[in-house]
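Labels for the chains are A, B, C and D, by order of writing; each one numbers its residues from 1.
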Amino acid sequence: MKKLQIGIVGAGRIGNVHAKSVTYSIPEAEVAMITDVNEAAAKKLAETYGVSKWSADYHDILNDPEIDAVLVCSPTPTHADIAIAAMEAGKHVFCEKPVDLTIEKIQKTAEVAQKTGRKLQIGFNRRFDHNHGRVQELAKEGKLGNIELIKITSRDPEPPSPEYAASSGGLYIDMMIHDFDMAMFLAGSDVTEVYAMGASLVDPRIGQAGDVDTAIVTLTFANGALGVIDNSRRAAYGYDQRVEVFGSLGMAAGENDGDTTVRLSTAEGVVSDKPQFFFLERYMASFVLEMRQFVDAVLHDQDVPVGIHAGLMSVVLAKAAKKSLEEHRPVKISEILEA
Amino acid sequence: MKKLQIGIVGAGRIGNVHAKSVTYSIPEAEVAMITDVNEAAAKKLAETYGVSKWSADYHDILNDPEIDAVLVCSPTPTHADIAIAAMEAGKHVFCEKPVDLTIEKIQKTAEVAQKTGRKLQIGFNRRFDHNHGRVQELAKEGKLGNIELIKITSRDPEPPSPEYAASSGGLYIDMMIHDFDMAMFLAGSDVTEVYAMGASLVDPRIGQAGDVDTAIVTLTFANGALGVIDNSRRAAYGYDQRVEVFGSLGMAAGENDGDTTVRLSTAEGVVSDKPQFFFLERYMASFVLEMRQFVDAVLHDQDVPVGIHAGLMSVVLAKAAKKSLEEHRPVKISEILEA
Amino acid sequence: MKKLQIGIVGAGRIGNVHAKSVTYSIPEAEVAMITDVNEAAAKKLAETYGVSKWSADYHDILNDPEIDAVLVCSPTPTHADIAIAAMEAGKHVFCEKPVDLTIEKIQKTAEVAQKTGRKLQIGFNRRFDHNHGRVQELAKEGKLGNIELIKITSRDPEPPSPEYAASSGGLYIDMMIHDFDMAMFLAGSDVTEVYAMGASLVDPRIGQAGDVDTAIVTLTFANGALGVIDNSRRAAYGYDQRVEVFGSLGMAAGENDGDTTVRLSTAEGVVSDKPQFFFLERYMASFVLEMRQFVDAVLHDQDVPVGIHAGLMSVVLAKAAKKSLEEHRPVKISEILEA
Amino acid sequence: MKKLQIGIVGAGRIGNVHAKSVTYSIPEAEVAMITDVNEAAAKKLAETYGVSKWSADYHDILNDPEIDAVLVCSPTPTHADIAIAAMEAGKHVFCEKPVDLTIEKIQKTAEVAQKTGRKLQIGFNRRFDHNHGRVQELAKEGKLGNIELIKITSRDPEPPSPEYAASSGGLYIDMMIHDFDMAMFLAGSDVTEVYAMGASLVDPRIGQAGDVDTAIVTLTFANGALGVIDNSRRAAYGYDQRVEVFGSLGMAAGENDGDTTVRLSTAEGVVSDKPQFFFLERYMASFVLEMRQFVDAVLHDQDVPVGIHAGLMSVVLAKAAKKSLEEHRPVKISEILEA
């Protein structure tokens, strides 16, 4: 059987992750070409995984009739344009998040997917995490009864540079976007209103750049449940990623993963592992799984597990949160969607 | 040495708890008299603990020159009046929470305490819980660095009757008051603003009675930290009482207590204990400790560990939360205090 | 109702524990007299718990017609004689372990109990521990299927003085006796053979005194199950008390108790509590429960929960273990019982 | 750089594991040929991993001058002969355990390794497990002080067929061999004496075949420490793999790995994951790591992490345990080595 031929646009950190997954973990697919505006980076990544073609121009992927699917791993502002062009060129698309920073372009991307009938999966990899995924399964299977309350803790081990924080669109779009998607995934419901709190407690330069580094956002879901997310740009003990879903029949909660289960007991206390350091450690298996399911969706013409609706709603929530913080009031999602 | 002579007003559940603590766990004190408008209840409780005097009228305690201190365990609307009368009669007072449902009367109670120089301790027993207390110690000792985020989960195993919910003043004053106090205790700071969400998801009759049974309240602390409390009137797995304090150097978090540490591993999974059932199980030791410290404060003329400021602020926060829910906006504490 | 009148022989640490339990936790009983060869000690303990009678001579208890039951808390060599004399004087007896260091005297004690029809309970308090007790319940209820393997870890926080170790009869009789009883309790079966290993690794003076301070003993149970106990006289992290029962349907295992459930997460790791320090902390509730059940057995003429068979077999196992170590071979219980 | 060329003898389960590790996880090496007496199996495995050469005869590997190293994954009775032939053909060897069932042949293998100067690594993969490995590191780094006691629990989820049990050499050689090696690895010391208990409690046919399915073996280490291993052929809750090392400064203990950290709390209790099912799940990463280090040892001419001494001593201990069970007495290692 001919393997699914994949082109990767963007040879940065996440492009590398996906190239590795496809090469080593998905026998039914292979990377056919890698492009990056920095051609040396594309070449280096291609060589690492034995890929024979690379280029500085992503159109080379679009124009290659052998290539079936494109992974959009370029910088955020280019996501939507490349995804749209790829679908119009007949390719299936896996697009990293956020799809775009404007609602309009995300909606445009959705329309093109609709029109072309191409698969379009958004890179919310955390849905494929073993812990979060199990919690969602328990909720979906009804083990928790009616869902009433969702709690998500998401703290990075170290803050980004103030420059990055300033240019990234801010914490709500850059960091909490994952948690917004997770919240809707766990609740099995969209959000109708958010209320955002935020402060700059970690690094004053982040505050000076107009962003927050510590945040709590509450959520009202369409199905009546309530939710709350807390984020911090810095956790001294490592990458803190926990979710909790509470319902009429019980609660499911996931703890962090450590590298080992070993406990050292001495006169000082009983010490166990810190959470695994950061997303490349904690979420590596989830990156493989999302790619595995994207390939399956293409090969067997199934629905993708994370569609453009998730891509849209996560950005909408981020915008609503930002507006809520600025106007110091709860903001309805309809205010953003209908703006 | 003559034992501290204690009078107890109110022979209900909490009066019983304190009578037991004094009798069995505090050698330096003894219960001298118990009163209750239901004299039979007073008599029965007195006999249980070998107390020789009982009465239907709390003035009998106030008029007894042998009695040094009064525990106010009567219904909420009578707390402040009895506490005031007791202090004016020269007695030290331990008063159950809430001190009163009006700001005015709590402030009046504070003034009388000030004027008479009597000890006045408020019954926020959870501060004396081994888990919560340890978390607060770690925060206070600086082990967590600057405090940035406080999270409190507090869920009752079973909802009260709709009648009780309707008459109790509502979830924020009846249930979350403990968590408001805990939040300020953990943060080492007062709250300046609250935003409240609430829904009736557990029992529709609670909603029909105008109350909520599921709630999230976010807090802004004077010291800059953020906080969030979630409450539910019903948790299928038992009484869920957890706190988490997050700061620049780390996090301290307490889990629930189970009856045992035993894990049963079978083909079905690994099963461990549910949280202890309810507050009489989980918090029993804290009731003894708060009384122990009240007796010490009186005997050695020390500051009480929980003063009237805590009694005031907890009610103020509850009122602010209620107003926030009604007006669907964040509410500053000053709006309540200066109303 | 008249309270059960209890006499306590021996005003040391364990006498104090039982005096406290009876006074504060068992309303149906009261301490009527305390004796100790050191009369000042008896007097002091009596005053602590408001007991009006004390003496240097335990016969004063035996001769007091008001007294129903005797707690034998004196030094080991006097246990059996006092227990026998008390039963012959018509008193029910609660006897601390070991009943005696000779098989003969334990059997004599059993005969007197049989002849007089008095209750005779042996002080194996650990059976009443919440964790160990739960494991045994699960085993007894069949949740584990056929019992196949028992593991017991029992490590003291600090070694006794070499003098004590030398005079106590050695680790197997002084320390592991509790674990021998626990093993048979958990297995629901007597032991038929033991094999003992031992070394002096903690304190060379213990070895010089002819004892071991680190030991492993394996057990063969009459019901076919296998077992193993490990003991150490010193655990840097505190009092380590864990049991595990494994059967055809699963495993039940108890962890240590800490003072709190709090975990502190910092850059150094995740730190939780050490085990509670020593037996007065870990096993306090079990001392109350065993006394509670002794009083119930007397008041309602029920079987005592821990009879003289347990007192006998635990000493037999200790002797077999010692012989096994000395002769470096497995030793059958029948070799000791029929010696 | 030319990749290390590897030949694999034996296309069964473990051959597959190593072929996968080399192909996907070790860029510096590649599988050049696979042989199996069942040529179809060799061909199938070769095709799975894109290996161009296969054969029914392992001499084809030995005769291939391009091949640098051989992985001996054939049935146990052929291990030593193939390893010896391979080393004499100039190949480095990774040999699965047990090296042989006779002491003589293992010693012969050692001599050939010595004489030829070829690398010879034995497949004790569990040393590379994240949990066990961490415990050993803590011990080796001195965090536990002087090592005093080692405990190892090793229970398979399901018993093998009685036929397999009968032909495998028995539990001590077939199953406990891993634990014997682990014990010496953790203690950093050889064993000088063993005492073995065993019973057939899981499947009577195993007993009828002359083997045991439930076993406890105690160990005396050369460094004075004591140890104990328990094995069962069946654990209803899954593959139970735990080690504990206790020393003068503390204890390190590893728990099982579950698939997730999720806990489900309902009215029935708090349920967490069972241990991962079996060795292919629990130990997969360790198989990669041992191969990674074998390749490094060859490429950089370093010592192999697990040498032939481990291969010898583990079999010696198994033989001593079997003798101990048969003769019902402790057996010195010297009795086997000098037999």
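As a convention for this text, a residue touches a chain if its C-beta (ideal position, glycine included) is under 8 Å from a C-beta of that chain, and two chains touch if they have at least 3 such contacts.
Since the structure is predicted, the reported quantities are computational estimates derived from the model, not experimental observations.
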Report summary line: Chains in contact with subunit B and also with subunit C, listed by label, are A, D
Requested in this report: Name the chain whose C-alpha centroid is farthest from the C-alpha centroid of subunit A.
Outcome: C
**Report entry** Centre-of-Cα separation between subunit C and subunit A, whole angstrom
**Finding:** 58
Query raised in the report: Roughly how far is subunit B from subunit D, going centre to centre by Cα mean, in whole Å?
Result: 58
Query - Intercentroid distance (Cα basis), subunit D paired with subunit C, Å - result: 42
Query raised in the report: Just curious, how far off is subunit D from subunit A if you go by their C-alpha centres, in Å?
Result: 40
Report task. Enumerate the residues of subunit C that touch no fewer than two other chains. Result -> 236-237, 249-251, 265-267
Requested in this report: Flag every residue of subunit C that touches subunit D in the complex, lowest number first.
Outcome: 145-146, 148-149, 151, 153, 155, 195, 197, 199, 201-202, 214-216, 218, 220, 224-228, 230, 232, 234-237, 240, 246, 248-251, 328-330
**Report entry** Footprint of subunit C on subunit A - complex, ascending
**Finding:** 236-238, 258, 265-275
Report summary line: Given the complex, residues on subunit B that touch subunit C span 24-25, 130-131, 134-135, 138, 143, 249-257, 259-267
